[in-house]
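Heads up, there are several structures right after this.
Both complexes below contain subunit A, partnered by subunit B and then by subunit C.
And now, the complex of A and B:
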């Protein structure tokens, strides 16, 4: 009885919290079907008695105007969308490849300085982007990569977080697998491709999703490294949404959200498993 | 366990399909994005207003005319016997232009002379009669004879005067002479017929007064000219020969036609009402008049004004306006819309239009568009 009661209370609490979390998402989606004029009207405090916005739950007139404008009328939106894709996809694949190999070495081999090296990785990971910003910028300038996509892709690929995450996951794989394979005459490459990668699939999936979301949402890096407006990703647009064209923001947000949603839904189970097993919380 | 895996597989497939549709849609839309823009947005070409001088080009051709034409009349009514001059002949003052057939007048004179003779004979006879009557001595008859004689004497005096007048007339009117030194410009007399007294038999140009040429131009062009300006006209097409001329008069063309063949800026010839007639005087001794002359006179306004091409100005019921492209910066790149800008117009020349008010000089003024524009419309640029 007590257990049932506590479960009910917990469920209600979670339900309330879920509602609170979902309200902004609901507003984004419902507002994306409003006309530009309706949004301008709703988000204006003029004429309201108490200077608060009175948001509407349901559009006055369901319209695809915002989507139409974004997809057919604003080339810049499409350019930015593909810019995001062109930045994120190489980072995700590159980081997965580099991280898996590094994690393999750090988790399955014993060599001198291994732990110190890993410690360095963690230190790097703990530093926020803002701290490494200036050295990063100087390095990019020195390499002549400013205003090029590589300025974002290269630091992205060689990120410490991926190594850390996958290493944590691989450390959970018993050394016995490795030894058994060695006994059967497998080389390191075979062990890596045939055993380690399949076994750390959830970890790699978690890494992929986390990295994808992280870099899909990045704002600072492109703002700093990309001066050319034609190279900038969609995340910048959403960050600057208040500077004009407010009426298109919601549809843009929905379209912006979709790739992340697809990635998440596709690999949801792997993500949860990966995070659980590696002992890392997102 | 298998059921869970199956449902997972199914969901993954659904997500895959949805993602494929989404990315496919965006790819297609991106591929056609330029095409959509082409369809939806008119393309415009623009120009920035610039500070320039206006260049007024006065162009035209015509015939050099004489300043002063003197008509020579033949009021005699006699038949023309001989024409001594042709158009273009140079004649001196007093030179015979036309000889007239005076035979009728001569016969009439002879008749009158005969009549005088008859009257004189009759007077002699009356004098004889008077002498005879004086011998017989009838007082009243004598008196009558005296009166008759006196009356006849008066008639003879009248007749003599008439003959004298006729003689003088015959002598003076037998020929038509030149009243001035000059050039014959027109001969209306025809051999064998008498001249119409209302029409000059011969027209002569007074060379001492020089030549002139009239040209009708757009009033706008004429407003930049000053009387007394020297220009050079080319003669007989483009042979390189020029002659100096002075701008003497600027008058309203009124309903005058551009007889001189003058035209400037294309419009002027068609609308002489709004035009001005320029009169150029030419003082050059070796020209006779009638030569084809022309002008191509470029005149700078002297002061640089803000100008735009002439044909970009539109009119609506609020006045004159131009379309300018305005840039709206946004996170999704810059957007360009066209806006009306009402302007106050200044002078124009053949290609440029001065803007007195309404533009600053940094605007992008639309010169061409692929479609008719409306205010606020987005354009490609």
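And now, the complex of A and C:
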């Protein structure tokens, strides 16, 4: 493999591909700094039936107009942004806590039915949300949780994904650690908090980021469980911005991306290390 | 540790494990397991409230429905082509990145970036690009072609595939890179001494040593192949072009239509398909592990 491609050709190729991957992102950011007028001028094809719209890569005029409109004239935007936070934060922390404990049990102990239970978790993790839609809906109705954030938060906390991911990570921690600590007289809780949690830090970091991404993106759950538009998260609002407000859509998209970009830049190494280690062991 | 101690220790462990498992197990049972079983029960009734038992009647009707068959085959086709494709491309990328290159970490970060970009944020871009009068057609027609309505012809499948690849490649690539770095160099050196060529080495060393990684990547890629529904839904709505009408669309629409019988029956069939796939994967993985 090494002889086939020279390093220069390879590097150029990889760079071109990396740039292609980043184009949608760059496009969104650069367009968010255009004025509504510039956006309308470029992306409106009304009245000119056989004209195509041409992408504008660099704003003629760098302006914060879109951001200003969004933050000061649209109360709805801030409310929905806050709704997203209120839904996602409890899910991320809840799922991490529940998953780390369950993963400890599934990776460091052997008991009858352990593998079957893990199999069950994997199956559930693979099922799309719609599979348990009807019974879940009826159960939420019965519990009086429809139109309440809890209808989304509770299933989110107990999602099988976290258990799977952290278990994959923890299975790589040699059981000898646990046995050695036990010989020294440490209890299970001490082993769990002093050994397992610190040692799975990258795995837990990767989990929190991936869960954050997943729920920051959620679309189906709020559409079904939250009829009250004032409870809905920003992901829904962004999808419903109409064509007349393309400009706002770009700025809203950037603001919506920001928390995730910060988390990524802050924890990139943890994320990558966590992803890596979770995939190595079977 | 004496035998006596060991036995005692093992016996005392189960309740502890259960204690750590309890929160997850309780929530999992309430929010996933019970709903699933109840859903299966509903699929055998003619109505979720005060219904009577109709056996496999709902399944028969479901299988006769043309839109269900369309949705099921679309989902199957998408997953069966998308998952191998995304795995091949990400493995290729990982092989290329698995050496010292200038700005290697920067490249790696660039490939992972799409993963952290929210779906909803980027929908506007896809809409502007793939519209009938969109940017892609601007380029396409400037080459002298007639414009294509990307989202309303069977090209929609290619667009959704592209979005799926864009989103999933980076994550998989990181997993493969880690797997590749775990293969000892000596294996390759020994194979070279035996006169093995690069293709031979790739098949008998790289692919075999990557088995655990492959398993994990496969599972994650299947999950994301179902999740691409979000993008499809946000771009094209409840009733997209028939080539990208997925099982999730079908189930959503059955839910809106209050046709719970078809929905629960479809859920159960989809779940069975997933169980079969995962069982086969597990078998394969075990077999490779033994060797």
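By our rule, the second predicted complex is superposed on the first by the 266 of 282 C-alpha atoms of A that agree within 3 Å, B and C clash if a C-alpha of one lies under 4 Å from a C-alpha of the other, contacts with A are read in each partner's own complex, and residues count from 1 in each chain.
Everything that follows uses one rule, which is that a contact is a pair of C-beta atoms (placed from the backbone, for glycine too) under 8 Å apart; a residue touches a chain by one contact, two chains touch by 3 or more.
Since this is a predicted model, take the numbers as computed values, not measurements.
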Which holds for A:78: it touches subunit B only (first), subunit C only (second), both, or neither? first
Check the residue A:171 against both partner chains and state whether it touches subunit B (first), subunit C (second), both, or neither. neither
Touch count on subunit A, higher of subunit B and subunit C: C
Of the two partner chains, subunit B (first) and subunit C (second), which one does A:216 touch, if any: first, second, both, or neither? second
Could you look at A:266 and tell me whether it touches subunit B, subunit C, both or neither (first, second, both, neither)? first
Pick one for A:245: touches subunit B only (first), subunit C only (second), both, or neither. first
First (subunit B), second (subunit C), both or neither touched by A:229: first
If you lay the two complexes on top of each other, which residues of subunit A touch subunit B in one and subunit C in the other? 236, 241
Contact residues on subunit A for subunit C in the complex? 1-5, 7, 10-11, 13-15, 17-19, 21-22, 24-25, 27-28, 43, 45, 51-55, 97-99, 101-102, 104-106, 109-111, 114, 119-139, 154-155, 157-158, 160, 163, 168, 182, 188, 192, 209, 213, 216-217, 219-220, 224, 234-236, 238-239, 241, 246, 249-250, 252-254, 256-257, 260-261, 263-264, 268, 271-272, 275-282
Residues of subunit C touching subunit A in the complex: 9-10, 13-14, 16-21, 23-25, 27-28, 30-36, 38-39, 42, 48, 93, 95-97, 99, 101-102, 106-126, 128-129, 131, 133-135, 137-138, 141, 147, 166, 169-171, 174-175, 177-179, 182, 198, 202, 211-213, 215-217, 219, 222-223, 226-227, 229-230, 233-234, 247-248, 251-252, 255, 260, 263-264, 267, 270-271, 274-275, 278, 282, 285, 289
Okay, in this complex, where on subunit A does subunit B touch? 71-82, 229, 236-237, 240-241, 243-245, 248, 258-259, 262, 265-266, 269
Seen from subunit B, its contact residues with subunit A in the complex are 8, 11-12, 15-16, 18-19, 22-23, 25-26, 29-30, 33-34, 36-37, 40, 328-333
